[in-house]
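Before anything else, here is the set of structures, which you'll find just below.
Both of the next two complexes hold chain A, though its partner changes from chain B to chain C.
Up next, the complex of A and B:
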């Protein structure tokens, strides 16, 4: 056991414990923060697999942007902390789902020949980012462009959903704001005019 | 039994060998952290003095000669103050928030190259690491706002979150421009691309991106004119309104450390980091070397002093902006971020693409 192995067990145990408490805790904000912890530790795991680009992008995208928006919404909604729920139905469904997942994982792990997977060994000169970029724009160009298109559609859809009736929406028009002059906004009234 | 002990001893020595780099790294961290903390202390002093002089006042001048001990007096005052935890606040998160902000503000310094060789961790994805670390700083603010159980704090945190998300996109695109020229995510390589003279630095071809990067940097650190998260006239003090004593002090230190970080990054990405602005040629060939010319030659060569000078200039700009501009209204900030800065960066990336494709200018080889 070297230091990396100890670090691996530390990180994975943090991931497992926080995943379990993520399901157990009642407070939604705590759950979201636990998810942050899980993502962060997964990033460390990827870093140990020498995938530094992917791990930093995981922190940047999921922790830095997606979960911030999650927290943003959760905090603004002011959700009540759930006291007691009917757990029997949940138990049934969770048992079924976990059974399916267990069988899947079992098949993946025990029917797959891991001996063929080569040891990851690069020199320090190996540029992870460069290789990923090369693959994305040559071999996987089509799927890359499809992903971009899907994201674009999602953005347009989000904007379209939020476009409300113009009369209801209060907004300021900067073009009209800067057209205002002293004469149009200010009227000096002398005492004798009153 | 003997084998068992022998095995254990060999394992122990192996650990020791692996751990022996630890003291060295810790020492390096200390060498970076301590000057930074002192710089933060005197940055607050400089801010008060400079703003005072811009507003024709004297500024702090009582504690120590010319008020030079003022930051330590403030620190001592905050250190001995009682830490008040508001009623019904989430105690754990309330205390965790300043720690997160502080850690993240200083973690980003790990990849900053101070010199051709002086860098704590020379990683390939340095610029991404910095972007990731600065984007984590928002957690401290959001958690502080929520855990305080105060409406002012929550409103400040929400404003700050929206602001940082909006300006981080513009900042990221400005960085894309830098990466396109340098072809590397390593900060050392980015500086190497800018070798030459002052006109080889990236601020010339990327002038709009440099302006946008610095504006986004000011917004990311929640400084004036983008300080709606604190907004004294509206929210008292924003997300850290409930913090007293050391909690407040740590937020304060983290904010100033972030300002220094943004200044250092601007110096590295657009102003050539440690590179000298003069094209001085090969100075070692000069035969006639007296003391004065040696000193002058030392100063015009590349070195950490240029990096510090450039960083200090941008740090001054932060203070200058605070003394000059009134606070933006909230919707104006959002309009500037989403509708002006982001389209501008996209446009300039396109222009840069054409310049790289047709090899225009001395910067695109």
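Up next, the complex of A and C:
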């Protein structure tokens, strides 16, 4: 076994163990941090496939932006840590099903003849970022545009869902702000009252 | 050369471009008080315009746009026209219901158009990436449309359920796609479909197809994957239920057609048995559970599960014949369910949601015409002659018997007879039970005119089936 194979098995086992514990863990902060671990290890997998741009984007976008946002949301919501519920039955069922799935996948992939698939080999000069950029704006231009539409829908949906309910939305009302006077906001109290 | 290609692609893609731009225009119209009155008219006009333009740019033969991302041919255009017609009817009926529940806004119609656009992209996609993006575009808009009604607990429950389960289905489809790309080294669907004809079908190819069809079964709500459907039908605003029940199903039928047509994997015993078992199980579950329902929308949900089972059985028969039977069934079923859900939308008034089947008691004494329309629709869902639903069910059974599966046909007929009970119960309540519900909405001549389009069509096509049949059968031959 060469060093790459050992590294591959190491990284994948870390991914699998941490994604399993992500589901089991009760504390949401721990879960988010485990997700960080998963993304870092996936980035290493990308690097081993010589896709350095994707691996850096994974770390920058997911770990840097999305998960930090996640942690902020967890902090703001201040969810109580639930006590351990009895999950043994669920655990049993999920273990059985995932075992069946694992055996199936193992059999199917192990016996497949992959000789048709060509191995990717590039020189060290090969510029990953340049190629992705080129493909994204020529061959896959249309997918790029549809992705833009999906992001637009996500923005519209997020705003629309949060703005519909007027009572719960944290929104400024300029008219009320102007109407407020000193008397309505401030109350002078004497020491005796305390 | 490249510029010419892009211009040609853009020209042929104008209907979808109109829809996407008008969705944003509708969104902007919703912001200002003066333009808010024009939301409805703008939505309707833009969909009409897109339909007209897509008729104008009807392709002569296979037309590939945007570097083989999109395909347009007679088949895709045919299904798109049907989607357009259904969508226009749904929009026309939706306004009053939404205004009474304070859901009428620019965002609502904008997201609805985006969901529709996603379905159109699924129909005409030619590679896996576009296909997946189309699925995501339509379902992401639908999740948020369901969740938009923040005042209802049912709505939030439905949205969360649909969101979580639908995302799992998408992930399973994507998992299948990734293996297909690994095996065939191509993302173009026609290459993937042609692969088993050149090389031996490996188990991995079969496995990825099973994964993809589990995803499709989920989107169709076929029996073991049906649990989300009743809650979504009940919780979502009825115009959205109307949308979910029809247009995505047509889109996913075209999806299934693309992956199975002229594919040798369809001769694989394990694969076609999977489809058959899913279908039969779904007919069984749908019809049995629908008997116990007291709420009309849940009953329709279970009946649509049974109908999805019929669609899967019809897909199974395509292994020996072709897809025309299943296509015909999908089209007839979507029109029927749209008609019944539109009538329910119409009958719900400001202070009253038509929830229980009991609420329909004695409807015929107040509104004879509406109950007649509902009766025709229910008879068509049950598959009784004088409506085109009869032909749809008959063709499926005929194809089943020709494939030599008489016992499956017998089970199907028996379950359909069971299903007759809950369809006829509605008719019984409307015509023969006493009592009247004063809260039911009966006003609006224009709406009644719109509602009567589909039942009249169902009746006319029964009498003059030839032209329509020939058209469907020619396209899919």
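What we mean here is this: the second predicted complex is superposed on the first by the 124 of 194 C-alpha atoms of A that agree within 3 Å, B and C clash if a C-alpha of one lies under 4 Å from a C-alpha of the other, contacts with A are read in each partner's own complex, and residues count from 1 in each chain.
The rule is short, and it goes like this: a contact is a pair of C-beta atoms (placed from the backbone, for glycine too) under 8 Å apart; a residue touches a chain by one contact, two chains touch by 3 or more.
For clarity, every value in this text was computed on a predicted model and none was experimentally measured.
**Student:** Check whether A:52 is in contact with chain B, with chain C, with both or with neither, and answer first, second, both or neither.
**Tutor:** first
**Student:** In the superposed arrangement, which partner chain does A:173 touch: chain B (first), chain C (second), both, or neither?
**Tutor:** neither
**Student:** Once chain A of both complexes is superposed, is A:33 in touch with chain B (first), chain C (second), both, or neither?
**Tutor:** first
**Student:** Contact-wise, after the overlay, does A:191 reach chain B, chain C, both or neither (first, second, both, neither)?
**Tutor:** neither
**Student:** For A:160, decide between first (touching chain B), second (touching chain C), both and neither.
**Tutor:** A:160 sits against chain C, while chain B stays out of touch.
**Student:** Of the partners chain B and chain C, which touch A:3 in the superposed model: first, second, both, neither?
**Tutor:** first
**Student:** Which partner does A:68 reach: the first (chain B), the second (chain C), both, or neither?
**Tutor:** It touches chain B, and chain C stays clear.
**Student:** Overlap of the chain B and chain C footprints on chain A, residue-wise?
**Tutor:** none
**Student:** Going by the contact rule set out above, which residues of chain B touch chain A in the complex?
**Tutor:** 11, 14-15, 18-19, 93, 123-125, 128-129, 131-132, 135-136, 138-139, 142-143, 145-146, 154, 157-158, 161-162, 164-165, 168, 185, 331-332, 335
**Student:** Chain B touches which residues of chain A in the complex?
**Tutor:** Chain A reaches chain B through residues 1-3, 29, 33, 36, 52-53, 56-57, 59-60, 63-65, 68-69, 71-72, 75-76, 127-129, 171-172, 174.
**Student:** Would you mind writing out the residues of chain A in touch with chain C in their complex?
**Tutor:** On the chain A side, the touching residues are 104-105, 107-109, 111-113, 116-118, 138-143, 146-147, 149-150, 152-154, 156-161, 164-165.
**Student:** Can you tell me which positions in chain C touch chain A when the two form their complex?
**Tutor:** 20, 24, 27, 65-67, 69-70, 105, 107-108, 110-111, 114, 117, 121, 129-130, 133-134, 136-137, 140-141, 143-144, 147-148, 150-151, 182-183, 185, 199, 202-204, 207
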